[in-house]
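Next up, some structures in structure tokens.
Two complexes are shown next, each including chain A; its partner changes from chain B in the first to chain C in the second.
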Partner chain A sequence: MRNTKYERIANEHKADENRIGNAIIAFISGGVIGMLGEIIIEVLLGFGINRTEAIPIMIVIFIFIASLGTALGFFDNLVTKFKCGLLIPITGFAHAMTSSCLDYKNEGPIYGLGSNMFKLTGSVILYGIVSAYIFGTIRYIIGGM
Partner chain B sequence: MLLINSFLFCGLICMLSQLILDNTKLTPGHITSILVVIGAFLDTFSIYDRIIEVVGGGALLPITSFGHSLIHGALAQAEKTGVLGILMGMFDLTAAGIVFAIIFSFIFTLIFKPRN
Partner chain C sequence: MTFYYKNVYLEETATITGPYEKNGPLRNYFDKTYDDLYMGEKSFEKAEIKLVKDSLIMLMKKSGINKKEVDLVVGGDLLNQITASTYGSYGVGNGFVGIYGACSSSVLGMIIAANFIESNFINNAICLVSSHNMTSEKQFRYPTEYGAPRPKTATFTATGAACSYLTNEESDVRVECATLGRIIDYEQKDPNGMGKAMAPAAIDTLLRHFQETGRTADYYDLILTGDLGIYGKEIFKDYLSKQYKIKLINYNDCGVMLYDLKKQKVLAGASGPVCSALVTYSFIFHQLKKKKLKRVLLLATGALFSPTMLYQKENINSICHAISLEVI
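Our next item is the complex of A and B:
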């Protein structure tokens, strides 16, 4: 009884420090990613590409880097270090997709790679589409377009 | 100015999700799904469009922007073709991201071996 109570109190105090540190790390790393995105857009604007075309190019660049990094192995270490700073931007989406692909590669191209590709990112796509459909219909009815 | 706003906005979202991740039992999968729904909700009344105008690239990178672009494309197409446009236009803006994510993961999976 005493031991469990002690452990609980100890865990609470131990976790508190980590939580604040993690939050600051996530803030800085996420902020740097966001700033890099804006810098890439500015550079593309300098090449004479307009903003609506520069946005998908910027997103594709981030997806490419995250996929390649996951396949090469160093992106996993970065994710354990920076956590949400890399998981919440689109890099996390690409990372989840590539890592689930790599994990099930040995089980064959159809039942391994093919059916497990969306194992982690499927929920994002599913809830994105469902919510976009519901909210879009609501907006369509209210907006009366 | 856009650079500073990007830093603050993207950092704030990442920090909030880190706090949720540490203080509740939700996994990253839960959090990204919730953020996508929030992004779609914010664009229902064009709030997210204004955020993008102010923040720039920093608002396009977090996963909330995925929900925003789904509904944004749907509504833009609905303006042209009516109710069916909601279904037809949903992937207009996110198609590039999803297609390249699938293609890159497929190619890199074929080339590289899993590490652990």
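Our next item is the complex of A and C:
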């Protein structure tokens, strides 16, 4: 039973979400992550590593830092403060995976960690691979090798 | 469905809480508090079981009853298979009834126990409820360490266990009557706006309670809802006054009372089965015993919410049970 009168009255008592504020925070914090990534790449270039190899190394460094932060228990506080700025980059992916692991560590390595590790990130991996395949195919058809 | 009781008394209560409740305004009324969410256990689930055990031990100590003298234990919580209640109350009582009414379990348990006592099948019963912020996060939302950003209308599951001892031996506070709720579907879909989802159930039960007893809002010194939160509370009041011309003056919400909403980061307020029980069994029970309040109506609201059904595009149904406590 949908009660339109109830909906009307209930909608008068909605919370004011600070969407613009949140977006600005996420924009800045996400931008800072991007900047840090670029700095890491520049440092790696200084060591004579070429750019194609430097990018995965930078990503691995971020995954490590985010996972460690999750494990030590402060990354979730940062997420609460900086919101999607930390969740959208690779740090969010690592954080989602590690936090799922931590949740299920008591159920053991098979039924706990193993089967729940990709609870949140499974979709990201699946659709990431599927879309990479599709777009890769399209690019191959249009642009050739 | 309103039941009247002549012979059921709320003799004693026990409340155990976690750190957030300890920092709230009602801290002095709780029997025992923990600074840590693990309570010295290895997992959050075990921590919740520990809370239940602690509350039962505390109740035995305060009321001086033996665990073998308890006729019935009625318990409920939010975990799958209500494990906190079943594991936590092992060894206590000669009978156990496990219930699930989401956040309305506190009053549902009292109604079941009161009906058993009134019908003279048993002499006494313990009603217990528990919830743990982290176990319910894990079960209903995201992993505990994820810290997903949530809107302001979302509520914060309270951590704690509370139990009450109902008996047919006369004491200060009487369970006077109770109205059993029914399942309400207002096509609510937002799991982050439980106050809005549950307010219709509270309204339905309150109206039926007034209708069946012939009472008005003035009859009670205080009308309490379970865990509507700041937004749900306003919806509840506003809808009653606009649609039914019922002005609630002596009204509050347990979810709003449990935390200091200005200082603590708990969004719209507390929720969970233990929320209404923590407030009622500590502060309200204290006020009743001191005779500062004489008649209190508690409307425990529950969102019968399942992530599975929500992903399958079903609505969030809600329920609300009411119980009236009186000072003799």
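A few comments on the model shown:
FYI, the second predicted complex is superposed on the first by the 123 of 145 C-alpha atoms of A that agree within 3 Å, B and C clash if a C-alpha of one lies under 4 Å from a C-alpha of the other, contacts with A are read in each partner's own complex, and residues count from 1 in each chain.
Here is the rule we use: a residue touches a chain if its C-beta (ideal position, glycine included) is under 8 Å from a C-beta of that chain, and two chains touch if they have at least 3 such contacts.
Worth saying up front: this structure is predicted, and the values here are computed from it rather than measured.
Of the two partner chains placed by the overlay, chain B and chain C both lie in contact with A:L120.
Looking at the shared chain after the overlay, A:I39 reaches chain B, while chain C stays out of its contact range. After overlaying the two complexes on the shared chain, residue contacts for A:N3 are found with chain C alone; chain B is out of touch. Contacts of A:C84 after superposition: both chain B and chain C are touched.
In the superposition on chain A, A:A94 contacts chain B only, with no contact to chain C. In the superposed model, A:G73 lies in contact with both chain B and chain C.
In the superposition on chain A, A:G31 makes contact with chain B only, not with chain C. Of the two partner chains, chain B and chain C are each touched by A:D103.
Ranking chain B and chain C by residues of chain A touched puts B first.
Across the superposed pair, chain B and chain C both touch chain A at residues 15, 22, 70, 73, 76, 83-84, 87, 98, 102-103, 106, 120. Chain B makes touch with chain A in their complex at residues 2-3, 6-15, 17-19, 21-23, 28-29, 31-33, 35-37, 40-41, 43-45, 56-63, 65-67, 70-71, 74-75, 78-79, 83, 86-87, 90, 93, 96-98, 100-102, 104-106, 108-109, 111-115. By the touch criterion given at the top, residues 1-3, 5-6, 9-10, 12-17, 22, 70, 73, 75-77, 79-80, 83-84, 87, 95-96, 98-100, 102-103, 106, 119-120 of chain A touch chain C in their complex. By the touch criterion given at the top, residues 42-43, 45, 138, 142-149, 151-153, 185-187, 196, 199-200, 231, 234-235, 238-239, 242-243, 268 of chain C touch chain A in their complex. Taken in their complex, chain A has these residues touching chain B: 15, 18-19, 22-35, 37-42, 55-56, 58-60, 62-64, 67-68, 70-73, 76, 83-85, 87-90, 92-94, 97-98, 101-103, 105-106, 113, 117, 120-121, 123-125, 127-129, 131-133, 135-140, 145.
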